[in-house]
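Shared chain: chain A. Partners: chain B in the first complex, chain C in the second.
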Partner chain A sequence: MKMDLEQLRKTAAEVVARDDVKYLVGWKQGTYGYRVAPGFVEDAAGAAELIFSPLCTANLATYLTLVEELPIPRGQEPDDRKVAVMVKGCDSRAVTQLIVEKGIKKDEVVVIGCPCPGVVDPNLLAEKYPETEDQVEMKWNGEGFLLLRGGEETKIARDEVLAEKCRLCRYPNPVYSDIMLGDPVEPWETDEDKGVEEVEGKDVEERAEYWAEQFDKCVRCYSCRNVCPLCYCQDCVLDRLNPTWVNRAVNFSENTAFNIARAFHLGGRCIECGECERVCPANIPLGKINRKLAREVRDKYGFEPGVDPDAEPFQASFKPDDPEEFIL
Partner chain B sequence: MSAEFNPNIVAFLCNWCSYAGADLAGTSRVNYPSNIQIIRVMCSGRVNPLYVMNALQQGADGVLVSGCHPGDCHYMEGNFFARRRLGMLKDLMEFVGVDPKRFHMSWVSASEGHKWKEVVEKTVEDAKEAGPFEGFRRRQIDW
Partner chain C sequence: MSAMLLNKEKWPEFVGKLTGKKVWAPQADSEGMRFALLAEGEAPVPDYNNTRVPPKGVLFPQTETMLKFQVKATEVDEPELDQETVVLGLRPCDARAMAIVEKLFKWDIDDPYFIKRRDMVTLVGLACNDPGLNCFCPSVGGSPASTEGLDLLMVDLGENYLLEAVTGKGEALLKEMGDLLSEAGADEAKEKEKLVKEAEGKIKRTVDTEGVPEGLPGLWEDPLWGKVSASCLGCGTCTYLCPTCHCFDIQDEVEGFDARRCRTWDSCMFGEYTLHTSGHNPRPTRKERTRNRINHKYSYYVDKFDVIACVGCGRCSNLCPVNIDIIDTIRQVKEAL
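Here is the complex of A and B:
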């Protein structure tokens, strides 16, 4: 374990004690099983509950833009104190991308970076080590994970339960942070993106069939949109009724239009944190679409979102020599 | 039912170049396939990817977006944005199983009536090859 909890809690307590910080968003123990809940910390007592473990899959950068801004009552000053947020490597890219898009301002946030040796996929974990009501603790243990439950210790190999996004992760260390906790981790060798390649290897009709099967499952709960740190439009195109861009009917045609629209809006913006795929109740492999688009943007346009806070947003900029071999 | 399949193509043409180019093709009596339904937009940069999706949902077998040549845009840079966005859309649609032959983009200037003819011929030919679009077309439900 590169970073100890003592240091994390101490730093968190110091940050929330600052006058210019409203609250801190971190991870805390959930109520049962492998659950980890987001913790909104306002004092030192709250800071003592924070954790950082391989179960901390959630991307907390979402909460920066999810806050509802209520109108300020007459005679009151707006609360322009900062919000502190704890980020892993992938989450820090979301914060950077938000700064690039001016979704948040640099001086509105305090970013606490946690170098992350890779988190687990809760579904994979629950499959192999069935979830009980007991609260568990999980730790990084050299190359693998250590599961502590009811006084029992289980060693788990890293490859067994590592989340897919972490297999492909190239930025385990936060790319942008105000405070860095612990030592940076050594980036690991990434696997080939088998999921995307498998779909790419099919021909167009097989691909259409594959995605028809997937999109048919969609129940249009919009969880993927709501959890996404970069889907934060106040007036979302999917909610509009006039004009109705995407009908609300749950059928294959509208589901496909919705999924393409969602993926397209993240083109050149998705930072591959895998949250959409994690929350999807129908288990649609949304990560594949996102990663495919991210790869196209990286290969063809040489652009990678969420790495440079001073970059220009991809879809709102252009280069005169962008590829145009597809143009007649 | 005619033996040959006649595709429906929706074309989004920019007001300043391609629309005028199509007009020129008409006034100079160039023959080209009549499968194309033209929608005039002010700039190719105006074309929202959801227009393309909606066209396909509502019964188009192919979509064509045409604008000014790079550097000639009436609004200086609209077509550069269009190129980036729609290039990405094409990759995405291909990945989710829409035949890339159904979506084309072209640069046609106001003086290129003959190029317009070639573009339409190519688009229609490709759409014919790809066949009727059944993918995610919106279906009328009979209650």
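Here is the complex of A and C:
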């Protein structure tokens, strides 16, 4: 990995110094252990805190649409400056898909692409190399990772702690960016439908039982929805009280309604960044649902979201030769 | 009653003697550990760090059916809450949280649901020999072997559990166990003391709360809230997994002709929390919501009930998707004072 932190920080400082940029969202060291926090940078001092490492799992593209806008006081002008965001390959697909859907416009953002050799699964890492209160540094090291903690260096094999989403990743290099940092990485062989086949292999009853057990754990914190860069409806069906589409009661029926609603809304839109699965406090394997729908859309319609900023949005396009075998 | 000893091999018998009661215990599933009702004949030995979801739902279920009714009928069914319940192996912080929340539910009006459940439950705690990375209970008035809120405290001494009754309910439970137990001596008491000290020594992260409750209101417009909340996603992880968060919402829900009035957990981090009918939102952005969450725990609750509504279990720090770490937030508050 040829990612040069100096170059990253210098670029970030240049970007935030621009008159047309409001702030930049990047990754910075977290408060303890393996944690990395999103960093909102407005000046050179902030840029000097930015990092890019195998611990930078979060997809920051979600902050492009998560902005809460209050009414502008009379006499004040709206701040129309751009927001800059640092993206890995998978994250860049979210930006691309947002552009496709007109969730954001190209000229509202400055996208800084970081080619990514794959990030770690913090839980796997903590299981094998217990997390301590000390902050650590982590680097890509040839084929694997290097963990630096308290003056000690530990080499970790790639396969040991690589995040599942990265095992399945087909786009390690940003597919869309305004500024690219470092050299592209060589994509690796993936088994893109792993996990999906495991679920498909079950018969209907087994599958129902499997998902019943999973959805039963859901606490409806909506962290999956909120972290998702493509769940950005201003007025979400889940928050509606009149009419109440999904009841507030937490039970299998409502939990299932919620999870199915979210999965279907993401069909042909999910870019497989794996954030929903990472943040779920109940460890529900949400990636399997989303990848299943992604595969259906890919197989049936030949559409893959978030790879071409000039594509037509899948759910809003019609082709005369679309298969319709599900219509009775 | 003096302290008693239970050989771990007799644990299944101990649990077996609780037949007829609802027994909650930490159990492993694909989520990790969580509190669930024990099926007949099950007796997993409680050996875990904190569960991801706290056991607060035993007294304050995520969905409490207050009454059931039928559309166009006049009869109302109220649920019965009078089954004896035991919670086995909850951590002292989670029990302390129940004692703290109880103050609220017994405040201006007595909450019949919480109080009834509290009356029917016996809380059997398990002292922490091996606290987690983000545990900071001593900083907020707790301890790995705190008995506050508990009826009975168990300490894992290796081969045996040391059982100390804290309340009459705890004593009654020990009596029920009869000759399963033997009396503990001075050696065991010493061993316990040693373990507690060791456990306290393992707690590495701390918060300094001095001056925080009084100082927080003065920081209302401080830029720290913008900084802390900048990355907040507005999800309910920190509040739903918090053992002391107790905000709720009441909804009438209809399915066909069947309807229920239910009380569900609510989260001050959600956009529609206390949203007014007019459309006005008193906490319009995540900045105000984050400020509210910290103020509620570290200032308002102290004002009203003289105790910080945070027990230092570390769940919000552990599981926040974007590393909003309450230990660090309180540090920033201290700095801003």
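The criterion applied here is as follows: the second predicted complex is superposed on the first by the 326 of 328 C-alpha atoms of A that agree within 3 Å, B and C clash if a C-alpha of one lies under 4 Å from a C-alpha of the other, contacts with A are read in each partner's own complex, and residues count from 1 in each chain.
FYI, a contact is a pair of C-beta atoms (placed from the backbone, for glycine too) under 8 Å apart; a residue touches a chain by one contact, two chains touch by 3 or more.
In this text the structure is predicted, and so the values were computed from the model without any measurement.
Of the two partner chains placed by the overlay, only chain C lies in contact with A:33; chain B stays clear of it. In the superposed model, A:293 lies in contact with chain B only, and not with chain C. Of the two partner chains, chain C is the only one that A:283 touches; chain B does not reach it.
When the shared chain is aligned, chain C comes close enough to touch A:227, but chain B does not. Contacts of chain A with chain B, set against its contacts with chain C after fitting on chain A, overlap at residues 247, 251. Note for the complex: chain C touches chain A at residues 29-32, 34, 52-53, 62-63, 133-134, 204-205, 230-231, 233-237, 240-241, 249, 251, 253, 260, 262, 264-265, 267, 270-272, 284-286, 317, 319, 321-325, 327-328.
Residue ranges on chain A touching chain B, taken from their complex, read 199-200, 204-212, 215, 237, 245-247, 251-254, 256-257, 259-261, 263-264, 267-268, 289, 292-293, 296-297, 300-301, 314-316, 318, 320, 322-324, 326-328. Of all residues in chain A, those touching chain C in their complex are 30-33, 35-38, 40, 58, 62-63, 66, 68, 70, 131-133, 213-214, 217, 219-223, 225-227, 239, 241, 244, 247-251, 275, 278-279, 281-283. Against chain A, the residues of chain B that register as touching in their complex are 49-50, 53-54, 57, 70-71, 77, 80-81, 83-85, 87-100, 104-107, 118-119, 122-123, 135-139.
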